[in-house]
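In structure tokens below, several structures.
Common to both upcoming complexes is subunit A, partnered first by subunit B, then by subunit C.
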Partner chain A sequence: MSRWLSDSAVERLREAADSPDLAGTRYRLIDKLGQGGMGGVFRVEDTALERQVALKVISVGDRESDWPARLLQEARVIAKLEHPGIVPVHDTGVLADGRPFYTMKLVQGKRLDEHVATIPGLSDRLRIFLRICDAVAFAHAHGVLHRDLKPGNVMVGPFGEVLVMDWGLSKLVGASRGAAAGPSGKNEAPVTEVVEQGTAHGSVLGTPGYMAPEQTRGEPSVDQRADIYSLGAVLQFLLADALSQPIPRALAAIRRQAMAADSADRYSSVQELANDVAHFLDGLPVSAYPEGPLARAWRWIVRNRAWILLLLAYMVTRALLIFFRPR
Partner chain B sequence: MNKALLGLILGGVLGIFDGLTAWFTPAVRAQMLQIVIGSTVKGLIAGVLIGYFARKVKSLPLGIVFGLAIGLLLAYAVAAMPDPSGHHYYWEIMLPGGIVGTIIGYATQRFGQPAQTTAR
Partner chain C sequence: MTDDTGIGGVHQQFPSTHWSLIEGTRSPHAEERRRALDTLITAYWKPVYKYIRLHWKKENEPAKDLTQEFFARLVEKGLLDRFDPERARLRTYLRLCVDGLVMNEDKAAQRVKRGGDVTLLPLDFESAEGELHQLPLAAAGNPEELFSREFARSLFGLALERLRRELEEKGKGLHFELLELYDIEEGGKQLTYDEVARRYRIKPTDVTNYLAYARREFRRILLDELHGMTATEDEFRREAQTLLGVKL
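Moving on to the complex of A and B:
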């Protein structure tokens, strides 16, 4: 076809074909929001509740693959994770052409990779990172691995809300696995293939640079430490981008431990990683960075600088009054 | 510990130490007891007032400014009373008094239980 039509015309036709036919549903198409890992995301109006929501549907070309089952799996996983940091699913259904879809809260905001430049301070960035950790730790507690954590999959809302998005590559592990198995009733097979961004399907099954080495190698033993590696990469992104100040050693050590090549050397849980970051923010020692007595003393001084300055001011004033009193 | 009680205790302790520093001024060493008692009472009053303010107003800058103002005001009231020779010690009393007030203002904003709110 491309012999007679320009690339842009082909692209427009493909987009038109991918646009969901919402006839027979309570939704009305407004526009396309973007292309996710396994399909398009559209802004639609829920005509029953008179509100806008986001609708995710697989691409037409993926109808015969295992994507339909994966999409429903993703919807069920997200529905299971009721957390302020995870976008809530409202509804699932099937379009007239047989493609399954689900609707979720329409998140007004920016992706973290687009938003980060507007966050000037290190502590503000770390607080956002802690919110991401909260959501991921919650998912892990419910037996769900995200497996595609990256700044592009985190939305920051206008009121500071932080939401972890795109659970299309999530994997169920542990006791919860059976409880939320795929639509066929079988547990999801782990996704091991690595697909670069911008493939023919526009799908992303992992993002180089954010994937743990064992995930890249397709090892079957991928566990929550793969997400911890990805969180370390997100932390690195937050630290590297547009920060003029040098990265504190303790924070660099936290990132190093989170991104250790050997998963056994990483934090054993997201909570441990988050605790270290929170301790760093509070001026407390972090487990990833054993410090000497001088470094410990300096941290104590920095942490208590207001007290020290006030007491010094008092003592200096008293000393000056004593030594310069009229005789 | 609520903020008013924290202010009271901190004001009392700092007041005692502030009074004891009068020992370094030989001219008033004979009146040490009165000075320590007076300084302690001043610290207690300042502590309660600043702690009460911290219960009502949650703002570190305002707390510090209020602490400084109360410290200076009470210190002025004390400094306005001359010693037996008729000499006033404005600088010697007001400067440290202001800093003590600032310390209490800072501490009561940072620490201590805020006022309880009741849901109706």
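Moving on to the complex of A and C:
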């Protein structure tokens, strides 16, 4: 006869069955930090180095699933991307219950979607956006697409660090540029040759609202312009939430170009998108927003208003001095 | 302990992880078909009965008749042959079949009452009725959630019972006791490993190791049981995610 279990007993057993079996490892379980699509993330203590780290383990360890391979791929992808905007991986292995895991730096901070309300200024938000672009551009330069960029996958640390998390849906692309190349700036050709790595051919992975149309349709050959679309959606999120003033036209045009329905109409590289946002911040012309002579003159005036005011003050003073000079 | 159903027996051997319940019910071999149906009935009869009682608000006696009629039809009408794993989870399909049956309740109940052409299963409705009184007042909820929750409760109960048997057979009864104390009993987690070690006169490291072993085995058995209750690998993964609280 099976025993009757209360709701709370089922819940406790569910937690027990899901918690990682750390026997035989150097880690000691502290608590659960969160749950992703593929697995749970736990706070553990590395008893050898006496520090806390985050441990990610898949939730279902069945042999038929491709999740073990995907988790390992995720760890390898992150390990390949040594960048201040990407959380470093420390270790990988297999638990006693057969589930693969990896450990990474424990990020103390808040998710961007939770943190955004505390960033009132447009320029501060755009600087965070540029840091996200830096990390994604670096990944693209190393032949890695993220494919699930959204505010919930960005962490903002207590000292202003910005980290792009959850590379579980990432994909290696064939024409990797290698570590030596680095982000090349303008006019990078889009990476189009896709090597399937642990994801079913044509399967739809990602988050609605942040996925590019071609990704939503499950097209197998998505390229870095899918991430550019998602970055456009992140920019839209940063602009829409809690900003009372109207969105500047140039910025709206940048968002529009990043989120163009046809991938051919988008920026061809993250760096181009980031350049436009940086130019906007500096009061320079942006490629997504061709402006007329009046608009250009006005932007020049706004950008140089301090010098213009100084010059005007000087001229007025000179005029007054001439006018009131004793004869 | 007594056997709940008399079907399959207490010590029934569960199939290997690659065995499919649905394939079993469609097998040309009578023994394999019977074993598959036993497994299905063992896991589902309580969820079905409680669902009829709570969602359809049927009294005790009509709910018993409908539960018996449901499993009789499952066999006689070949309802499982019509199940298409591409269109729904097995759990959802069975719930919809129950809904269809209850909506034609009059005919169904009369057939059972006549008693002539229905083989009654030896189901322990008293225990199921007793469990209903322990559910919170707001237990009903939406039909899918209710059925899913009762199925999870049934599955966890079966897995726990199998764990107890297997550990006792291996002389690891203490491992099971520690799991009961720490992961089932209310307030168990408030005990420190040192306190538990003193209570059982073992070393604190043994508490850690025994608990880890029992949890690992419970997880294995739970997934194995679930594997047997699902039709495809995809359904298994989705059900495992639901049961382990993972949201995709």
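Note that in this section the second predicted complex is superposed on the first by the 275 of 327 C-alpha atoms of A that agree within 3 Å, B and C clash if a C-alpha of one lies under 4 Å from a C-alpha of the other, contacts with A are read in each partner's own complex, and residues count from 1 in each chain.
Methods note: contacts are C-beta pairs under 8 Å (C-beta built on N, C-alpha and C of every residue); 3 or more make two chains touch, one makes a residue touch a chain.
Owing to the predicted nature of the structure, the values given are computational and were not obtained by experimental measurement.
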Which partner, once the models are overlaid, touches more of subunit A's residues, subunit C or subunit B?
C
Based on the superposed arrangement, let me know which partner A:R318 touches: subunit B (first), subunit C (second), both, or neither?
first
Counting only touches as set out at the top, which of subunit B and subunit C does A:A261 meet: first, second, both, neither?
neither
Where does A:L284 make contact in the superposed view: on subunit B (first), on subunit C (second), on both, or on neither?
neither
Partner chain in contact with A:L49 - subunit B first, subunit C second, else both or neither:
neither
Taking the superposition on A as described, I'd like to know which of subunit B and subunit C A:A240 touches: first, second, both or neither.
neither
Could you tell me if A:I301 is touching subunit B, subunit C, both of them or neither one (first, second, both, neither)?
neither
Jot down the residues of subunit A that show up as touching in both complexes, subunit B in one and subunit C in the other.
none
How about subunit A: which of its residues touch subunit C in the complex?
1-10, 12-19, 21-23, 35, 37, 39-40, 59-65, 96-97
Enumerate the contact residues on subunit C facing subunit A in the complex.
1-4, 10, 17, 124, 127, 130-131, 134, 136, 149, 152-154, 156-158, 160-161, 179, 182-186, 188-189, 208-209, 212-213, 215-216, 218-220, 222-223, 227, 233, 236-237, 240-241, 243-248
Contact residues on subunit A for subunit B in the complex?
306-307, 310-311, 313-314, 317-318, 321-322, 325
Could you pull out which subunit B residues touch subunit A in their complex?
21, 24-25, 91-92, 95-96, 99-100, 102-103, 106
